[in-house]
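Each of the next two complexes has subunit A plus one more chain, namely subunit B in the first and subunit C in the second.
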Partner chain A sequence: MSRLRRDERTVQRQSERVVGSDVPKIDAEDKVAGDARFGSDLEPDDVLYAAVLYSTRTHAEIDDVDLSPAMAIDGVECALARPDFMGKFDDRVRHYGDVIAAIAATGPETADRAVNAIDYDLTPLDAVHDAREAVDGDAPTVHPNNLDIAQHAQHDFTIENENYTKNIDDYHELTVGDPDRGFEEADHVVTGEYTTPRVSHCNLDTHCTIAEWDDDTLVLTETLASHGRSQREIAGFLEIDPERVKIKEPPSASSSFGGRSLRKLTVEPVAASLAREVDRPVRLQLDREREFVSTATRHQTQFTLETGITADGEITAMSVDVVTDTGAYPNGVGHVVLKNSRDRPLDVYRIPNYEYEGVAAFTNNVPGGEYRAIGSTQLTFALESHLDEVAARAGLDRITFRRKNLVEEGYVRPHTEVPIGSCGVDDCLERGLRRFEELERDETGDPRITRGWGVAVGAHPTTSGATSEDSSEAILTLTADGTVTAHTGAVDQGQGIDTVIAQIVGHETGIPTSRVDVEPFSTTDRFADHLGSIASRSTYIIGAAVRDAAIALERELHDRAASALDVSADAIEIQDGVAASPNGEGIPVEQLLSPTDGDELEVYGSASSTETPVSYGAHFAAVEVDVETGDVDVLTFVASQDVGHAINPKMIEGQLEGAIQHGIEFALYSELQLDRGMPKNANLADYPVISPKEMPEDVACEIVESNEQSGPYGAKGVGTPSMPPVAPAIMNALADATGNRFRDPPIDSETVYTELSSEDRR
Partner chain B sequence: MTEYLKPVDRESARRYLDEHRDSAKIVAGGQSLSLLLRQGLLDPDVMIDISDVDEFSGIETGPDRVSIGAVTTYEQLESHPVSSTVETLGDSVDVIADRQVRTAGTIGGAISHADPSLDIVPPLLCLDATVRIGSVDGERTVPLEEFHDGYMAADLAQNELVEGITFDGSASDWESNYAKHSRVSGGWATVGIASRVRTTDDRDAFTDVRIAAAAVGDTAVRLSSVEDALIGEPTDRETVADAASNATADIDPLDDLSGSAEYKKHLARTLVERSINRTVDRTGGVR
Partner chain C sequence: MTEISFELDGEQVTTNVDPKTPLREVLRDEFGKKGVKSSCDSGRCGVCTVHLDGDAVKSCLVLAPKADGRTVTTIEGLAGETDDLHDVQQAFLDKFATQCGYCIPGMIMTAVDYLEDGEYSGERAEIESALKGNVCRCTGYEKIVDAVEEVANSRS
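Entry: the complex of A and B
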């Protein structure tokens, strides 16, 4: 996009300034002032409060649950044991934090007291806590008698690998070219093993749902970003018709980062069972420990990578082997981890010969779930660490080596027939490096300090790619007060999609963005959107539907203004909500409404895409290591990111800075530690999350615009794609600083110190 | 049902406590207490909230004594001049938790809680602080070093409460520092070290040395092995480094989530060295 000069702007329609400018987030003031109302702020008058008895065993059979002492407590309206819940619940608990029984009472304290009064007996069962051990034939079976759950939404596969015989959630393999020959042709072959941590989203607002039955229809009020899928999943689990599940978003959505994309078995089905039993709304909110152990974390994943390159740095072959821990229950996300780790190397580098095998296994651990750039984050950490090791082995410069092998626009990846559309990866590297060099610091001269820098490239697709086509619809309504109300499938969890929607409407119609109201999504809305705000699809596909509707609205307003002002429709300009003819005559848009359409004008828009455009990033980090304590300080971070087109540059910076924070946590701080499935740090005192103090002193965002043809205004996703390169850039900088490769993040000070002071280094 | 009492003067605070004794829990800022309540580790019949008792609040600086009331918050201490004159106090308060905790948390609450990782305790140990304890029978004082007599244990009878803490803050020829290591900023200390020293007039030898450590055992402790190795010795960096290596003699850290015992011993040595060096630098001495 060419930016307009100020003097030119004044003669342009107001609308043309909106897309591409830093319109302030429309929800920011309410949130900062504490006026926003989130799901957990809602307490309807007749609501009952749920409390849940959670398992402290990782695998056990429920022998007996005596609810009578709980029922005897005044104020307890209902008590249910797991086997009596609705749907597919059985008589087993499969992880710490799984559900044994639940209470609904008139107050939260009463409910808690009642839960403590429940008597129960569990028979412990053998448990398995490592995904690699779980697939072995001798391992305990996590889902012996509940194949309904275990075979949830699996795609078809056959496994030839004899080591993978049990507890399989999902499996993928892929061979491209002739990997054996590719490795033979290589001058250097390097192998590396990497693991990634179970990271918790640590959303401030813990999970909270209000479940209510309206006849045979379950109405859930809570933030669930992926409505269509959640509807289907909840209905499937409760064994009811998906039409019978409605989801209402609260006035303000809580943050997610994937943590609120999908239902949790410990939340919605439990509240729904209680509500059905008492025929009253039931509110179930998790406390912080439950948030850690009864929802989901990023999948803990193990990688083995092998790469062959020629002496001058051309990749001849790569092999990627993945074992990922689905935890106790499936949710379709193990599949996403495997698919994304399978495709990502091929999306970024030209790899003529490639082999991939990935397995997702059930264990008796806290379930894995969606988390910002599912699978890509894990794979990119492993891949970009590995490629630094490969470059080092061959004596090649890290950036030159990567550049030599990067994909480019028009390149046809061997696993798809579709040429790559927009591809700003090389620009990202070049501009990122330039900015990074500008921010370079003088040496400290302090012998206790060692510094290093790192780079990593990463990618993630826009939209989930779960179906061959992604689509969305939107409805815009202009009312007599001059406001436009937008109904869309988007959920603004803080990422700013409501602001983007207002910008698009304002941009296309000439009505000020301040007069655009974006309504929270509800599945009772009269249009379809199956996926909601996940997979960085909101701006791309929902934004495109909004744009389609806004163009229709603008046309209709032009037509009406043309007849009102007696000029041709082409001659009409709408600015600031006033439609004007060339001779200066104007009429406010709300006066174009007619009583025949009820003084409202409703337009419909839709968009679809068969593409899943890849967004690229090249990130640079400089770190400083205190060799006496092992403390690592990220000094500088440059996130250079291809966003297609920046509809709101300031909000993109927000996404990038947020990704940097999540990436620093992944690399250096955050992990839910389990000891044979038992949590060691399921609270915010022991589980480290970072604050602005751990953010780099210098943060720079470089926004690269590659103009994605299939996206609105050329835009593609940024929220998830900005995540994968962060952690490996930091880990590569740490390796550069210390001369030691750390392959199992998060890396704390003690690990660094221990490594630096170990005997064999001296 | 828990009874919640809110005395407004010392007299009634002492009396309530005497009436209810071990069925009562004192509430100051509630920062540690509310965690214990939430976790179900405590379920008192009576809570006595002393945060409105004027006699327990504020900082008094006399000619040779500084007296801090029990319900004085970290925030009040942070903004009081004594945090600049006695730098180890200011350094310590600066790195405790976050603004919310510092606004509510009190010095008396911390001392009574007796967690060995509390940051405020080592600086007070270096000041040879005494704890003022009150009950219906009157007041007694105990040196802070003796007050903490075991893991999260304090020398308080059932009808006694901490009313304040007193130390000699008059001498202007002391310099001090607090050095802390934590997993994330504002997090609990992996190890915390306070140092306070006095040097000869030409600043090239130590005349008095106080070193204390947090998070290295059942209670915060003075590191007398380091202190002894420095008194009368030159202030140069080698001497400090040598003395710091004695730090492990007085500590007995445990393996826990914040780090292994070995790492904490190493950190103690490193932080002792750094803290003393910073303190000596503050004397303005040329080394």
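Entry: the complex of A and C
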């Protein structure tokens, strides 16, 4: 019992100086010095370079591939046509950027030349490029054999909707209460249709894998945030045992935003097939165009929303209908889009009567994939735009209307039996609004300029919610040089989880964070955290496992120091890596290693949670529009976000500011434009990513702490939850400024100008 | 093939190149300067930015023979012989300007060029204009601008 008391005291004392403070990022020095080495910087001596022949058709059968002209080129070691790749590759290409054949050669230029020398014949097939058309019985079939679909089925479903008969990736429906009666009881019923764009992550470091076979084991060196799932899916596709796939992280992980969570069929299985054939490591890197068309984008999604409210603004019923474009290949993410679209309205608002139907369809478009707050980003844009329209129809104030219907702590959502744990959404609104008002500007007086403001509330769960329980493990090793190395399931793609881990270790043990090293995703062989750094789970569940291990290490060190210094364990305090007794006698922790430890003291920790705590945000935007050009400028943005507990406030600001960037792009700039599946802007000269000029002049972050009981120190996720409210806050501000509702982002200046001038004509 | 010689991060180097090779490839592949990054191939992103005779250039757009007889500085040589970081590097570290870090070498080289000519106001809008040819995907640029602003203020 005395031990427990001691732990509590230690935690309180140290939290003041480590957890909760702006500890500098432990990887920053390497990064500013130019010493960080990413996946694409690695080129082992005996590596061969892959080049791939990509399809410029969106749907075709491969009749013939003549590789002999390529093989005749000096330096070409291997050439394979798609049907001869390992695993489930068949003889069809299903989207622009799909794979027809591949080369491995001694140099990248040779490989490129060899790809150009390949002769091939394709027979074009009828293609479908719209998800609504794809589900119709007359549509072309994207997957005739359903072979590669089987591995992705995440749940059983039966579809009663007779309009949905074909090319179905996934389907969800839900009814809560009595929606018909709810709509009857309403004083106002408002309907709206919204679409969201196909957005690319535009990670600067393009996909690059090095595949190598060690006997029957495939070793892949690349940034993949979700090892276990990637192992399973790559193995499933290659038709080998998942144990035979190993993933090694490069020294520095490349950014992801979901783009590197999972395998891509155009990358790992292709490199693996070549490497198997030549029995040498093969490096396959995508160029910029392939990064756009051969990986994945955010799912383009179409929404129809209907909401009924009473005269004083109480929601009586809501209906949400979703059609999302899975694109050419399944990856389980269509399911997540549908599930998150289904649950998010119920996570944020009290909706007594609710009906939902969502379908994900295969098309011959570039595949949809994971992207920061999958589905929630799309749904929240639609929902928060819609609720502004609902409030306007009923003549209600936008904030008052939302507040009237928001969930709160303890509320039992109708789709789950679990009461909401921590819920800072009302604080987010209140503090966000206060900050936003402080930043309000004087009117310009310029008649060309019209201004408006917008607010949006949003939410996203911490942990994927894919399973009923999430868990993680961690091992800490203390070595004779006084360094602690953390082995965890985390991958630091820039979000700062390694620094959080170092903070937690330092906080619990009294060893300085500067003496904590974090090994990137070292868990593959050692223990089974299969999910990795996705879904904003790292701090929450991996952090909790690290904390458990760190407490075990701290206890062990206290006990050993107590015997060494001949005092009780209670009396020991560890500071700056030195265990000290009350009389001032001290011993460095590394001297507490005993001969029986071998070279190091190893402790294990674990954590599990059945909760999927929701992180809330309320974001505010002020925009101004030049009515003569249609230019939209975001002047002010306030991101007020409930993070549970801020372990490193500066890094949280970094997450919020990055979300603002991606949200502005979603609202006003970025879309991979496809014309019947053919890309129109698959390069960074034509595809807009924003510069610092397009960021708001005033950016403010309000960090709200709701103390999530199931999270370490009360923390929950921030990276993904910070994304959903951004775009709708801007779009609501744009509607406020112009009096015109834009429902199909991204909205460029030409669209704004056209709308405003056609309004003038009326 | 053309022989070129230039000063690279304080060292005199010579190599033979295909005259159509971008400087970036020579720096990365020939001389192992992997701190010079590679991304868009269209001059938009700026991750490959280095200094040519002290001026920031996108090394994917400069053909290698252009460097002949000149001085090339990459992020790896920015701090010179000292073990200390350059003050712009230090400011990026202090201000939490790095996330994944892939854009950072190019971003710092552009910022150093902006700060070196002495004719800057240090106002945020001006810094934003100076950095607009360098893309970062993680940070929303806020803390990057903070870092450059801090150096601008401390030097003035």
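One rule holds for everything that comes next: the second predicted complex is superposed on the first by the 730 of 762 C-alpha atoms of A that agree within 3 Å, B and C clash if a C-alpha of one lies under 4 Å from a C-alpha of the other, contacts with A are read in each partner's own complex, and residues count from 1 in each chain.
Just so it is clear, a contact is a pair of C-beta atoms (placed from the backbone, for glycine too) under 8 Å apart; a residue touches a chain by one contact, two chains touch by 3 or more.
Predicted, not measured: the structure shown is a model, and the values here were computed from it.
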Touching partner for A:Ala33 - first (subunit B), second (subunit C), both, neither: second
Contacts of A:Asn681 with subunit B and subunit C, given as first, second, both or neither: first
Which superposed partner A:Val689 touches (first subunit B, second subunit C, both, neither): both
Touched partner set for A:Asn167, first subunit B, second subunit C, both or neither: neither
Contacts of A:Tyr669 with subunit B and subunit C, given as first, second, both or neither: first
First, second, both or neither for A:Ser341, with subunit B first and subunit C second: neither
Which of subunit B and subunit C A:Asp22 touches, first, second, both or neither: second
Contacts of A:Ser471 with subunit B and subunit C, given as first, second, both or neither: neither
Broader residue contact with subunit A after superposition on the shared chain, subunit B or subunit C: C
Which of subunit B and subunit C A:Thr377 touches, first, second, both or neither: neither
Shared subunit A contacts, counted only where both subunit B and subunit C touch the same residue: 685, 689, 691, 693
Contact footprint of subunit B on subunit A as seen in their complex: 628-629, 631, 669, 673, 680-681, 685-686, 688-691, 693-694, 748-750, 753-754, 757
Subunit A-facing residues of subunit C, complex: 34-45, 47, 74-76, 78-79, 85, 89-90, 92-94, 96, 98-105, 108, 124-125, 127-129, 131-145
Residues on subunit A engaged by subunit C in the complex (per definition of touch): 22, 24-25, 27-38, 40-41, 201-206, 252-255, 257, 287-288, 493-496, 650-651, 653-654, 656-661, 683-685, 689, 691-693, 695, 697, 699
Partner subunit A, residues of subunit B touching it in the complex: 35, 98, 181, 183-188, 190, 257, 259-260, 263, 266-267, 270
